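What follows is chain A paired twice: with chain B in the first complex and chain C in the second.
So, the complex of A and B:
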């Protein structure tokens, strides 16, 4: 169902609230000069939280309503996108909380960090609800361009500006390749509207469809870059390492989930039709890419010294697992991805929070810094242990349920080899996750001095974030039902 | 009158030129120029396909948006390059070696 412009706006409230929040924050930031900025800081954060909360409430209200195409069918509001947006809003709130505490971002650019995160969030929301190629491109570029700035937020740091440089060069190239692919898809199919692509593809002869394959490949480059799948992952470890830690935390949640969710939508709207040679080729391509992504991410994570870089590689391999849910091209896969995204959000947030406070205390985040944390901060160590087990996918934690769902979707399509590869990767990942646990529990600390960041309020927040990791492992039915009800709008 | 094939060949040449520049040149500014060439190839494709294949405005709108967003991307990219230059006093891509494991 299509709506006119005025009626469309009432369905676009969450994004509009965030746009207003961002504009308001820019005004607040420019209204105070450096001297009194301390008082403006609180206002910045509370303004941001308020905007995110309002947006979240409106998204929650929109959950489960009939799918709608708004703004002359360029944007689709369906439960699938809405649930993904809710996950991203939560991730942004977590990143802002960490950004306020972290010493890794200079004090004078903290307000910029808040503004930029909300900007990236708006881009991500555009991307997951895009219903034609134009909006898809705008979404991906809003997401990327602001991310380049965030990566080089530590202005005088050599590594940070190099991270921004690499990110922007890779990003520009892949965006160009994606557009070139899009232009040929548009030329052959005669439409940029996602909903019209399946009928247009059905009308093509086999030879014409094969000619389209290179164009789809180029299109895949653009998305593959955003979710850092092999072979377009080269930028990812460098950017994740060079950026300040709260930015890394943000990058491994919001752009990644937005990319995966948009990928699911694109794959379903392009290839959701009858089995064809193009669809088969696409699935084989994704199989190779996802198997490589899982393996490369895991193998590279083993040798790392820095926990942040280890988490960056592990987020690459998690993207590989999520891609398994993309390549099955059905509702089961979409449901598994949404569930995975929720658990991934909480696990990543908790792991990065703890790493950040340890890093702020010791000045670096090498594995040895976790030595003997169990004696000094038992609660935080237990949370870290739970999160690490869950990231590795051990029962009875939520990471296991998430992986199990993905594997169930894969097995139902009879891709047994992929399921075996994913299970083996889970075992490999256990090695480096256990390394953190082993150091925390069995090694002696260098000093008895408690970590400064773990004050009472932070411990409460980290524990609350980690609770869903534990609870969703046992009480997962409810979330599965919600995620299963969040269908993708096809036509 | 130039046919659709003429436009497609030109845009493909632009695309190849852009790729070559990105792979062969080591100067960061030159790489950014190569990106612009690729984006222009895509924009030209969109305009040509709209003119010859389907007569609605979709392709024209795409081309306009590509121009605008390319400008935004170039602005941010150049700002980062300036930052990089101030720190390292070079814009040679091979000197960006801090972040290699």
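So, the complex of A and C:
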């Protein structure tokens, strides 16, 4: 059902709230002097949280309603996208909280960080609800351009500048390739509207379908770059390392989830309908890409000295696992991805939160800094242990259930070899996640003095973040029902 | 089909109540923590005794009156499904007994007492979970969760090289179980995601004999492929050669109580997996691979015995003797005859008691000597003439040693004899060769005994004190068990007969 502009606006409230929030924050930021502490700063954060909360509430209300196409069918509002947006809003709120604590972001750019995260979030929301290729492109660019700025937020740091430059160069090239691919697709199919693609694909002759193949490949370059899938992942370790830690945290949640979710929509749009040779080839390509992504991410993570860099590589491998849910091209895969995204959000937030604190406390985030943390700060260490085991996929934690769902989706299509590769990869990942646990619990620190400065509010937040990691491992029925109900609107 | 009694749940969750209790007690009140844990295991033991009373020995298969089944995740048809039969009951009894003894033997643990007892009780609950779960998903969850307390128990309270041992143990077993996970999910989809897709009991019976699976265009038999996946998972736990290399490290580095649990219960989970999952679900493939299993079992017997003979560290010697003895269990399983299977299950129980004794005794000695060398690396004797110094200790040691050697009149003999009876008709060559393993077993144990207990009393040993009352107290039940079940194994055999018979007759049809 298509709606007129005025009616459309009422269904676009969550995004509009965020736009207003962003504008309001810019006003607050410019109305006060830089470096002013206290009320002005507090207003920034509370304003941001308020905006995110309102947006979240509206998204929640929209969950489960009939799918709609708004703004002359250029944007689709369906439960699949809405749930993904909710996850991203939560991720942004977490990133903003971490950004306030972290010393890695200079005091004078803290408000910029907040504004930029909300900007990226808007881009991500646009991307996951895009209903034609142009808007898809605009979404991915909004997401990217603001990300380039965020990567180089540490202005005086060479590596941060390098990260920003690398990110933008890579981003520019891949965006160009993607646009080129899109123009080819338009040339063959005669439409840019996602909802018209399934019938258009069905009407193609075999030769025409084959011509589409390179175009898809180019299209894939753009998305693959965004989710850091091998072989388009080269930028990610350097960018993740160079960026300030809260930015890295944000990058490994919001743009990644937005990219994956958009990828699911696109793949289902193009290949959901037919079982032709094009689909087969595409699936094989994705299989190879995802197997490589998982393996490269994991193997590279083993040798890292910095925990942040290890988490960056491991997020590559998690993207590979989520791609398994993409390549099955069905509802089971989409459900598994949404579930995975929720658990991944909490695990990543908690892991980065603790790493950030350790980095601020000791000056760097090398593995040795975690030595004997169990004695120095039991709560923090227990949360970290839970999160690490969950990331590795051990029951009864939510990471296991997420992995189980993905494996189930893969095995349901009888891709046994791929399932075994994914399974073996989680053994590899256990090795380096366990390293953190081992250092915290088994090693003795240089000094036994308890860690101070992890204030009460932080302890509460970290517990609240860790609870879903524990609880979703046992009581996951509700979430799987919600994720299963979030269907993709295709035509 | 929900249960009439929640007895199994009580047994399963009682140790968790214990964990919560230990967490509430302040860390400085160490004695209180110990007493509370002990009390908890006593209650658990009492509950398992009730379970034994309620158990109807004439029934093959699961005891309906004790079964509990509640929906857990409806979307995937996963159930909280607990049940017992004659194969799992001896293991549950053994678990309850050994944990009680381990709490007593851990009285001397000084480091982080609170965490130690909490983890130990948590481990007990997960072990019960493995032996009770009849839902494959639930089984898998318990199977994996068990690794977490083990990892910490070895890694924090272990010997010098504990970290390496803990990591190796963790990675190895995780590798095995993750293959099992793929197999489990595959079964779920092959059976059509129905209500019984994770139900171990409903999956069994050879439904997948003619199912095929396509990998890279090759059409392969489903049963054989996934039997191998499950086999690797269970074989690592047993451990079957060549997957045994984690075991000596884990055993040597683990603290005494954990070695006892590891050898006494955890290794049995591997063979229990064969009996409960791999054999019943894929009977055709089991029969197909029976020869291979038997040969691997034989390698375990001989190779384990030779390795044991070469050890200078007495704990490592016993660890390798476990490899050898678990080989007998594998032989009994591979026979797939009534005597062989019964012998295997009996051996699982008997090895649990006798090896537990050996490890406990080594732990007792270690507390006095702080080393375990039979011969030190520099060639001097580590122990000598213990027999004259520690008479009580020596008597208990002799009982344990002869039980583990399989001397007639003690428990090991019955089970090994049954296994040999069972396999002779099927694998004559293997039987003959396995008897050599028995001989080797006698050789390394007696040789070890001679070097440690006879001969000159070396200076160091003169200061050792004999076993104290607590140590005698916790060794007594095990001594009674090996002697009583050596003379009169009927209670155990009656318990398992019907269930084992059911499995054997299933396998006989393929």
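In this text, the second predicted complex is superposed on the first by the 481 of 491 C-alpha atoms of A that agree within 3 Å, B and C clash if a C-alpha of one lies under 4 Å from a C-alpha of the other, contacts with A are read in each partner's own complex, and residues count from 1 in each chain.
Assume a contact is a pair of C-beta atoms (placed from the backbone, for glycine too) under 8 Å apart; a residue touches a chain by one contact, two chains touch by 3 or more.
The structure presented is a predicted model; accordingly, all values stated were derived computationally and were not measured.
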Touching partner for A:237 - first (chain B), second (chain C), both, neither: first
A:407 touches, of chain B and chain C: first, second, both or neither? second
Touching partner for A:156 - first (chain B), second (chain C), both, neither: first
Contacts of A:447 with chain B and chain C, given as first, second, both or neither: neither
Touched partner set for A:430, first chain B, second chain C, both or neither: second
Partner chain in contact with A:457 - chain B first, chain C second, else both or neither: neither
First, second, both or neither for A:173, with chain B first and chain C second: first
Residue contacts with chain A in the superposition, chain B compared against chain C: B
Chain B versus chain C as contact partner of A:137, first or second or both or neither: first
Complex contact set, residues of chain C against chain A: 72-76, 140-141, 144-145, 147-148, 151-152, 155-156, 162-163, 166-167, 170-171, 174-175, 178-179, 181-182, 185-186, 188-189, 213-216, 225
Residues on chain A engaged by chain B in the complex (per definition of touch): 133-134, 137-138, 141, 144-145, 148-149, 152, 155-156, 158-159, 161-166, 168-169, 171-173, 175-177, 179-180, 182-184, 186-187, 190-192, 237-238, 241-242, 304, 309
Complex contact set, residues of chain A against chain C: 389, 394-396, 400, 404, 407-408, 411-412, 414, 416-417, 419-420, 423-424, 426-427, 430-431, 434, 438, 441-442, 476-477, 480-481, 484
For the chain B and chain A complex, residues of the former touching the latter: 11, 15, 18, 22, 28, 31-32, 34-35, 38-39, 41-43, 45-46, 48-49, 53-54, 58-59, 61-62, 65-66, 69, 72-73, 76-77, 79-81, 83-84, 87-88, 93, 96, 98-101
